[in-house]
Each structure stands twice: as C-alpha cells, then as structure tokens.
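Order of writing sets the chain letters: A, B, C, D and E. Residues in each chain are counted from 1.
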Amino acid sequence: MQRVGVFVCWCGSNIAGTVDVQAVSDALKNEPGVVFSTNYQYMCSQAGQDIIKNAIAEYKLTGIVVCSCSPRMHEATFRKTAAAAGLNPYMVEIANIREQCSWVHKDILTGTEKAIILGKAAVAKVNLNAPLTPGETPVTKRALVIGGGIAGIQTALDIADAGFPVDIVEKNPTIGGKMAQLDKTFPTLDCAACILTPKMVDVAQNENIRIFSFSEVAKIKGFVGNFDVTIKKKARYVKEELCTGCGACTEKCPMKKVPNEFNLGMDTRSAIYIPFAQAVPKVARIDPDACNMLKKGKCGICSKVCAAGAIDYTQKDQYIEEKYGAIVVATGFNPISMDKFDEFAYSQSKDVITSLEFERLTNAAGPTAGKLLRPSDHKHPHTIVFVQCVGSRCDSCAEKGKEYCSKICCMYTAKHAMLTRDKYPDTEVYVFYIDVRTPGKNFDEFYRRAVEEYGVKYIKGMVGKVTPEGDKLKVQASDLLANRQLQIDADLVVLAAAIEPDKSARPLATMLTASMDTNDFFTEAHPKLRPVESPTAGVFLSGACQGPKDIPETVSQAGAAASKVIGLLAKDKLTGNPCVAHSDEMMCNGCSTCERVCPYGAITYEDKEFRMPDRTTKIRRVASVNPAVCQGCGACTVACPSGAMDLKGFASAQIMAEVDAICK
Amino acid sequence: MNNQNLKEEILRMSGVHPEKCMRCGKCSGTCPAYSEMEYHPHQFVSMVDNGEIEPLLNSESLYKCLSCFACIERCPRGVEPAKLVEAIRLIAIRRQGANHMTANDVPALLDADIPQQAIVSAFRKYSK
Amino acid sequence: MQTITRDQLIEKAVSLLADGTVSCVLGWQKGEFDYDVTPVLFKNADELKANFVWNDFCGANFSKYLVTKAEKATGKVLVFLKPCDTYSFNQLLTEHRFNREKVYAVGIPCEGMVDVAKVKAICGDGIVSIDCGEKLSVTTLYGDEPTVIDAKDVLAERCINCKSKKHVAYDELLGEEGEVIASDRFDEVAKLEAMTPDERFAFWQGELSRCIRCNACRDACPACTCEKCVFDNPKSGVENKSPANSFEEKMFHIIRAFHVAGRCTDCGECSRVCPQNIPLHLLNRKFIKDINCFYGEYQAGAEVGSRAPLVDYTTDDLEPGEVFDRRDNNA
Amino acid sequence: MQMKEYKPLIVAFCCNWCSYAGADLAGNNRLNYPADVKIIRVPCSCRVNPMFVLRAFQRGADGVIICGCHPGDCHYTSGNYYTRRRMAALFSMLDYLGIEKERTRVEWVSAAEGAKFAATMNDFAEKVAALGENKRLEDLRCKQ
Amino acid sequence: MKVSYFPGCTLKNKAKDLDAYAYKSAAALGVTLEEIENWQCCGGVFTTARDEVATKLSSVRALKEAADKDQPLITVCSACHNVIKQTNHAMQTDKEFANKVNRYMACEKSYAGEAQVYHYLEMLRDLVGFDTIKAKVTNALKGKKIAAYYGCLLLRPNRVMQMDDPENPTIMEDFIKAIGATPVVYAKRNECCGAYIAMESPALAEKSSNAIVQNAKAAGAEMIITACPLCRYNLIKNGADIPVVYFTELLAEALGVKEDTNE
C-alpha cells in the first residue's frame, strides 16, 4: 500500500476563489492510502515545495498528489521536488483543479465537488504508480547522410566541422546532385558550379567525411544512437582507389554513343565515363549496359590505356556494414515525367524541353557549350515560350500531376527568361503563368526586373496545346487579362515541370520506419517546431526530400539538420522517456498485432524458452519493446488482444482506477 | 428562377465545382471554338461561380461549344467547364419555344454527304 | 450428403501416416451422441478405422487445435480443413500462432453441416441415433419409424449463408475446389440495423440475457487463442466468471466481439457451440459488415499476412460521427 | 425524499498533446462548460481502450467522449488514425446493441481550440442530459 | 468469339463502308459480330447533364442486351462509342441517375453498368491482339505513311473512356503498324474537327479541319484514317487533298477481304 500525501494549492485566489481548498484537502484525507493532506497558498513556491519535501520525510510518503494547475504547467516542477526529497519523480500525480475546474466553473459548490473528484482520481492513480527510471543508451558518434546533393553536402560539412565523422552515401557516381546540373542561381545569378564545386572539394578533402559514391543503403536496423546500416557499393568496374581521373580511358573508349544522363540525354558519352569535369570523386565508371567488354567480352581498350591499372571488369557489388548514431535523409527531388502532359508535345518534338534541360542548354559545360541552340536543328530560337505549373497544383481528380506547388519554378523561369533576354536581346520571350509566386528575399524584385528591365512578356494564362508543324511549334494559349486566345509560332517551348521526391525515398522510408505524406515527401516531427526531424528518433531531414525547396532554403535546412545531429552526437548517452510500453511475456501471444500499429518500429519479436507450470519448457514467440525507440503513445496496448502490452505511467489499471474514482 | 436557384440548378445538373477553379485559363487556351465565343470557357466557370447566369443563358456561345471535352481533359483542377456550358444550354433550350434549331431549319443545312450523325447530334444539342 | 467419403479421408490419412509424412491425425470422433462429434488426435491407422467420423455433423473447425497440438506433436500433424476452416488457418498463421512446418493440411470439400437444433425441432428430443446417408435418418426414443430428413432442410445458418467453398490454404486438396460465394450473410444484420434503437436493445437484451457464461463461444473460437484470456485475468479489469447481471452479459460479448473484430473469419463456431442458441455471429458480422462498408472489403484469413483493418488506417477514413450517417444513407 | 436535479456524468479522455492542452486553454480563457465533465489525461487518444469506455458506462457514466489531435496532427503521427477506426467500430456496435448513439463521441480538438473544447463539452453534456440516465449499459451494483 | 455489336444510324446510311468492312474484317479474324436486336440511335452526343434520362435510354437498352448475353459490346463509330461508354459509366457511378433509368425501363432485373464496352479498335488490341492481326495480314500496306486521326470522342474524357493516353495515344498507330503501314504522328490528331458545328457554323468546322489536315501533311502523311463518319465528312468537305478513309476499310484491305462480295 502506498503512503500518499495530498497537497492542495490555492494558487492565490485562482483556485481558492471557486474551490473550497480546505474542504478538498479534508475530503481527500479519507481516501485509501492517504496519510497526509494539506493545502497551501502557492504550492509551486519555494515554501510550498518545502512543505512537500518535509512531508515526504516526515510521513515516509511513497506517492504524492498535487491538486493544482495543469500538469503541463508544473508537473516537471513537482517531480523535481519529489526527486530532491528522495522520492522517485514518477510517483507524482497532478490533479488539474485550476484550468479544468476553478477557472471554468463559477459556483463554489460545484467547483469543490469536482475538485474532490479529480483529486480522488489522482489518488486512485498514484496508488498504482510504480517508480520509473528512464533507460540510457550509448550513442555511436558517427552520422550517415543519405544523398550527396547540396543538402547532403552542407549537412555533412557542418557535422564534420563540429568534429564528428560523417559518411555520405550517394547513388550516382559523383556527388553534386541537381545543383551540379544548374547553370546560374537565382536571385543573384552566380554560377551554380562556382559555388557548388568548391564545397564538393571540401567534402572530398575533409578528414571527417567519407564518400560512398555509386552506393545505396541496403539495410537499416537499430534505433536512435545505434543504427546498423548496410551500404551497398555498386560495382563500377573501376578501382576507386587507383583511378586518377585522367580521362584517357574515356577518350579511347570506342563506344561513344551512349546518351549522357548528366546532360539529360541531349548529347552522348562513352561507355566508360566520368560524369563531368568536376566530379567528386573524380573516378571513372563503366556502364555495363553499353560496354562491349562487359556485354560480349570483346574490347578491353580502357584496361590497356589505363596507366594506373584501375580497370577491373570482374568487380562485384560490395556490402559494407557500419554503425551510426544519427541518419540524415537528403534524397532530393526529380522533375516529374512529362508523359501525361503531351498536349505540350514533349514526346513529339525535341524542341519542347523541360526547365532542367534548358539549364543544360545554357550551361557552358552543357551539350551546346552554353550557346542557346535548340535541340532539333541547333538553330538559335527566336521565340521562346515558357509554361509554368506543368503538373503542379493539379487537383487529385484531374488524375495527373501533383497537388502541391513546386515552389521553385516561378523563380527559375524568371531567371531563364531574364538570362535569355540578356544574352539574346533579339529573342521574344513569353512566360505563361497562373500566379507568380515570389516570397523570398529579393525574389519579387528579381521577377520585376525580368519584366521591366529585360522585357520578358509575362502573360496570365495557360498554354492549351502545342502543335509542332514544320520547324515551328504552334502554341495556342489563353491571355486571361486581355480575354483573348493567342497563337504563337515558337521555336522553343520550355516546360516548368513539377518536382517530386526521388524514387529511392519510399523504400528508404520503409527501412527507416519514417513516415511520408501521400506525395512521398518525408513527414517532419512537427511542421512548425521540429521541421528538420523525422518523427522517428535519430532520423533527420535535409532538403527537398521533405518538400519542394530552393537552394538557400535547402542549405539552411541542411545546417539545421546538422545542428540537430551534432546535438545528438554530442551526448554520450541518451536518456529515454520512461513512460514506454512493455509486454508481459507470459501473456504475449506473439501475434505481431502490436508491431503493425507501432509508428516507430519499436517492437520486435524473439523466440523465448519458457518454463511451464507443468515443468516442461516451451518456446514461444514474444514481443519485446525497445525502450529507446518507444515514444509511449500506447497504440500497441489497445491493439494487443491479450492485454499483455501495457504502458508505464499510463497503465490500463491506472486509467481504469481513474475511471472508477470519477464515476463513483 | 432567381440567380441563386439557377446556379444551384446548373451545379446540380453538371456536377461541376466551379470553386475548384484556380483561374489558370488552360480551358480557354485549349478551346477550339474560342474565337467564335462571346464568353469563353474560363468565363463560364467564373460567371457561374459569381451567379452571373443570365448573360450566359442569352449568349450565342452556348451553341459554339463542340463538346470536344478538351477543356475537361486538360483542366488541372478537374473543373470540367464543358459540363457547365451543356447545363446552361439545356436550361436555355428547355424553355418554351427556345429551340435553337428546328426541323424546318435542317433541310437548308444539308448536303449530299452529311452523315446522319451530324443531324442527330446537332438536334440533341440545339433543341428539345 | 457430403461428396467426399469417410473412406477416402481414412485412406488419405492412413497413407500419410504410413509414408511418414505425418505423425498423427487431427480428426473427428463420435461423442456421446451421433450428432455430438468431437475433435480428437488419432495416432495410428487402427484408431482411425475404428473411430474416425466424417458426416454432416463434423462442423468443428480444427484450426484452433493446431495452436496446442502442432507444437506438442513429434512430427507433422495431419489436419482436414473444410473451406471455412482454411480462413481461420490462415488467420492463425498471420498471427504466428502455430508452426506451419508442423502441419500437413488436406483441404476437403464441404456440402454444409447440419444444425442439430433444427433436427430436434422436427423430430423432437430423445434422439437415439442419426444415420447420415443420402438423407438423414433419425431414430428417437419415442417413434418407431426413423424420421427421414433432407440435410439441406436442416443446414446450420452459417452453411446456408456459406461465404466460400474455396480453400485458401492447403498442402493437398481432395475433391473438387469451389468458389467464393456471394452470400446473403449480412441480411440479418441489416434487418437489425433497420430497427429502432429500442427494438434493437430489446432484441439483444432478450438474446444476451440467456447467456450462462459457459465460455463455449470463446473456447471454440479460432480467433480466441490468447495465452491468457482477459476474462480470466484479474489484472485486466474485466475478469469475470459468471454473468452477475445484464451489464456483464453485454460487456462480455461486446469485448469478445471487439477483440476478434478484423480477425474474425466468420466461421460461425461461436453460434454453433452456444448451448443457449444465442446468435453470436450477428455481433461478429456486424463488425465485418461495418469494416467492409467503412474501409473496403476485407476477409480475414483470405491471405496470410494481411493487415487487419483495425490495425490499419488511411488518412481520409470516415469519422466515428459519420458512422451513423453512412448507415442511415445505406438503409 | 428530495428529488435531486439530474446531472449527467461525463468522462472525457483527452490526449496529452492537443486536447488536454485545448482544455487548459479553455480554462485560461475562462470558457465555461459543465462541471459534469471530468477529464482523464492519456498520452494519445489511441491509448483509450474500448474497455475503458465500457468501464465508464458500467460505473455509471452517462456519456463518454474521446478527444485527440486532429487527424494528421497526431504527436505520434498516426495514433489518432487508429482511434478513429477503433471508435467508429465500437460506437457502431454499441448503437447496434441499442445503446443511444449520442452517449459516445470522438472529437478532434487542437491545443489552440479552447473555444472548441468548451463548445464541444457544452454540446455533448446537453445532448447526454437530454437522454437522461444511462440505463442500458449500467451495472446496478456500481450505483449507491 | 461472338460479340454484341452496335452499328449506329450512320453506319446503316452514309457510312455503310465503315460497317461492311467491320463485318468482313471481323469475320476474317474469327469474330462474329451479333448485331443488337432493334438497336436505336444513340443520339450522336452524350449529354453530360445528370438530369437527362430519356436521351440515354437507347444506350442503356443496348448495354443491357449485351450484358444479358454476357458478351462484350462492340462499337465502331466514335460517337456511338462515346455515348454508350459514357452512359455505361454513369450507370455504374451515378446511383441517382441509374435509379431513374431503371425505374423508367421497369425491367425485371435492374442494370448497373455490368456490360463491357469496347471500341472496335480496342477489340482488335485487347480481344484479338495486334500480333494476331499482323499474322493474318495477307496484303501488308507496306511503305504507306498513314496519319491516325482520333478526334475527341474516342479519347475523352479519359477518366471514362480509358482507351489510351488521351494526349499521346498509340492504339491507332499500333493498328497501322499491324497492317504493315507506317504511322505518322502529329499533334492535332486528338483535336476536334468541328463535329456537329458543321451545321451551325461551317466556317469553324472548316478552320478546325484544315488545321488538322495541314498538320498531318506537314508530318508527312499520305492518308488519314478515322473511326468517325462525321470526322471524315468534315475533313473531306473542308478540302482534304489526301484520302481520308475508315480504318476498317484498310483493315479489310490488309486482310485481303476488301473485295469479297457478300451482298
């Protein structure tokens, strides 16, 4: 039996005004287990806390009920008080007689009556409380960053700068991501490569950073502070440690007609290739689908010309296992496929391109060496039509496209239009828009400059049909402000395709037990207050995997994610929330129902040997909860058919005792 | 019928939700009959939404829509402007003596090759 | 009346015992009366030949017995599964309740089982023997001539509304495979739903007040395999042994139905074994009907590993408050 | 014997993160609701076992309401989605047994919705009061 | 294979060819077209208004007959196909509408959209298979550059019609390949020819049709095929200077049954 002390707070007149505090402390004195009951003006004050501490000592209290304000206000205070007096802090229960009683009821009789009932419920609960101790787990002081775009790069650099080792896993042969493909960046128009490539070099040179390029995460086990990750290093048929990146092999390779993915297929590369000049690591890779040696066993030229002896046609996928304390997801985005939007004739004409293709067409390192020439005939286009919101902001019942705004298109389209007019003033540039969205520092000014200084023709309306005919693209569109339909003979049409999360994100989320929204963007732990954390402890979000973002936003989120990781890795041990689920193994059926509802993947199963009452042994599958991962929601407790699963601090028996006390 | 009732009638008949429209103008950008119309597809949507039905009821635009469904197919918001045109046209021609085309009009419009389908369709669209 | 014969089953069992595929056979044997057929574990061919029963009263669903029998057996257990039993079989596998490796399942066709209460309604009490041939031939203490009844006229409710003649799990199939059937099994539920709350309350008060808390429904239910049942567990807060009053009758049956909701395959064992003939399946079917209506068609046990609707969700599920609108609209 | 004015007894389960905070906010703003409503704090609405609901009715509650974060805002990401399904099924079953459907409710109340909390409780208490005492799910042994 | 067949009014009058070649080709492919008994005109256009019931009854009767025979319902004319398929969809999805129709028809068994509606092209693709056709072609139309003209009615609204990608369809191109010719892809193949506006505003029909023919020719087409008599009329009337023919005619030609006399 507990020895319970009851402490009724007046809160000045806040409680005492509508609750007869004396009556409450008197009434509760008679409750089972209560050995001491008193009231005081301000329980949370130093003097009030001293009353509690003294009573704990004097009456050898094992449990405390404070009838006061909301537990959200002072539960932590009174727990500390109890701890200071040598009582387990989880032996404290609060009866909320201010916010949920004195403040909402005017009549002193009803207020008092209800306060007594709430006090009784708290006493009933505390009678069933048990001391709880938060568990501790050690932290592996190494972080994993999945994705080597600007988001992953920035996160890795920031973590490494704080002195923690970081690994980057990048599925492509080089880090750099989408930003490496961009030409200029808005709104300052500095060249993307000029600001990105130094960072890529920093990554390569940082002692704390390892890059697993052309690699994927194959398996993730464990939990916050203690993740076990298997990384699949895909065969690139070139020994990374030997290759010097001299490029001799790529020049001599006879298979030169492979579409170059870095330039989105607008030119070709060789079967052995280095993605681009500033690639990190600058190591060649053989494309097994194109290489004659790998397909037919004939050729072997690259091996002959390689002075470093780096070519290895027999290389196999390698699996590497590593431990991490924190994982940052930075898997980024891709433009959506234009397949479903062929009213814009993307599949019918080479001269209908996406904005990312346009970036490559204007990039000095691109297929046209930075000259704006249209893909079909390499002629300079004189009339260019930009179409915004292609596949963005679509209603779900339209059955194609995305419901969200892709956020970056308004600005990069303004950039494209402005740069075109700047470089080629003889070009007519039309931008069809639904709304121009420019909330960002210097963004609207930038857009206005495109219109006012560079003469870009912004038209409020939408293109309805693009008809390639002869060497023209006949664009039919609406001009809503002029209330007319336009027919424009364009040379080039640029579609601002919606962006979507990378396809690798969904299987990754499953491995991480991290949640995603219906669009496959990772969900943050709280949309406002914890925007860079995933609800799964130890998993953090960086960049466009969480939602559409431009570069400055991505970089700031990357830094924020890094600081959260640093905060985690700086700890030697993690203290958990002791109010977690636990399973009574004798009652557990091993049915996996609890595992299915656990949002955190905290429940696992093991086969355990049990001694039966008849002295035989029996092997049974039983659930076990990892207290470091469990967050204490209690979903499992209700899902459990046998009632084996219970929640510490909010046990079924405790809640039912409260129900009984209230209903008595 | 007052405008509010008319609007409701139109929305009920058509099943269209004009409030979903985000004013992108793709319907009018894609409409093949645009040049013949006094009110264009996007205007049908916004005018119905605003309860301005009478001008539409009296407009020749009702008889220019080809029912080609391009606006329905291409609308990113699933608004289906052509269904509004159809509903308003039906309200117009269902009124007494308001047929847009009568049997007497037909012979003058025929040539030797015109398929039956054209006559039937036009009749469906233009008269009750 | 059953298309497959006792001899065929024995032959199969004997040969599987003989070639060592299985070490024992879970089968039916006669109980006190002909209509009282109980499950038993046969160890050898002689036992089988002597006591194995297969007739229109072999309703017992063996799936549940595997939870305890499969583990203890030295080799594999042979189990005969009627189509409806296979759903329970899968559901228990989904819940890891027995080791599939230790079971050899033989699917057998079923033409429906007889409800002895219906036989008694025709012949009266005092049944001495029932001969299950082409037709049922029933001899009672009181009549000279046996009464001949067509089994089709006295089928159990669950067999009249049979949901599937198809086996969803087996190692081997005897006889013809059937199809999933579009049955009218929810009609009774719908009828109750159409009543006023007062009528419904009166109906259930009438039915449930007959409950004697014998626990037969729980004990027969293939979904009720908990290591420790909440009703036997003093810690659960709902422990009780006898129907002290009308609340506890209701409480017991609501909690039991809720516990198996989403996992109940609608095998109908609860109603079959109820000595008070309480239509308990109407509670389970209510949950099944609701789940189908609210969250899409779901048949527990149709496939191993499927996620039961009550441990699943979509972000746009209907609100609890809309439940009644939905029903009122459907009515 | 003096007839006491009938006051319904209402048990409200509130999740710690949204609805309990919403109730606190109602208090901060001094928004009145009947004292018949007694709140039990649970970490998440998904902690509420149907057995708790039945227990409350058994012990004499006239109405039970469960409040949680709005769908999509659950502190534990998905807890309230399970609540929504479980309680939909349970309430439908209770109704099927002839228990008045107005006695049970699930309401989503965020931490910012103090006014909604008070309004919900007022409305619920009024509806339950109109039904009178819970006779259909009562355990006479639990009444004095 | 036996299928139900809805020819429609035009196919029995101005577009007899479309019908006759459909029969011949089907026979050559082992498909028996069983004409719906006492079929009535579909009305030419589907009225999207949900309160229009009477105008859709003829389609429902045809659908119901096919469903009762448990046969797929095949249409050839694009307009009939659109009307019947949309009506069927309405019967499946719009309960209120379906109720009205069923009450109006007062049949023993109510109809809820059970029939499967296939356009003749879909039949070729999904039931017969283009590979089968390829194998049966005796007179491949080698080297012919043919533009498929879909028009609006086969493809839209896609949610209902579900024939092909509404913006980048391939079914007719695949058909053209199957009969040995070369398809020409052009953007205006799914734009409207003007349809019945030919009666109200011939100038608009002329403009639309011209643009389509121009676009096809610019892409190198030597011939245009269509499934719709009205499309064909509009294209020819408005001065198409390349042949515009029904796809069934080409099919019959490729299968070597065009000149069969069966009258």
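Here is the rule we use: a contact is a pair of C-beta atoms (placed from the backbone, for glycine too) under 8 Å apart; a residue touches a chain by one contact, two chains touch by 3 or more.
Since the structure is predicted, the reported quantities are computational estimates derived from the model, not experimental observations.
The minimum number of touch steps linking chain C to chain D comes to 1. Number of steps on the shortest path from chain A to chain B, with steps defined by chain touch: 1. Common neighbours of chain B and chain C (chains touching each): A. The chain with its Cα centroid farthest from the Cα centroid of chain E is D. The most centrally placed chain, judged by C-alpha centroids, is A. Separation between the centroids of chain B and chain E, computed from CA atoms only, is 24 Å.
Chain E has its Cα centroid 49 Å from the Cα centroid of chain A. Rounded to whole angstrom, the centroid-to-centroid distance between chain D and chain E, based on C-alpha atoms, equals 60 Å. Of all residues in chain D, those that touch two or more other chains are 50-51, 55, 78, 82, 86.
Multi-chain contact residues of chain E (touching two or more other chains): 158, 167, 191. For chain A, residues touching at least two other chains, in rising order: 343, 399, 465, 597, 639, 652, 656.
Chains touching one another, given as pairs, are A-B, A-C, A-D, A-E, B-E, C-D.
Residue ranges of chain E in contact with chain A, taken from their complex: 158-159, 165, 167-168, 185-188, 191, 211, 214-215, 218-219. Of all residues in chain D, only 9, 11, 16, 20-21, 23-24, 26-28, 30-33, 35, 38-44, 46-52, 55-56, 59-61, 75-79, 82, 86, 118, 142 touch chain A in the complex they form. Of all residues in chain B, only 20, 22-31, 34-35, 40, 42-43, 70, 74-79 touch chain A in the complex they form. Chain contact summary for the complex, chain E toward chain B: residues 8-10, 13-15, 41, 43-52, 55, 77, 79, 152, 155-158, 166-167, 191-192, 194-201, 204, 208, 228-230, 233, 236-237.
By the touch criterion stated above, chain A contacts chain C in their complex at residues 518, 586-593, 596-597, 605, 618, 620-621, 639, 641-644, 652-653, 656.
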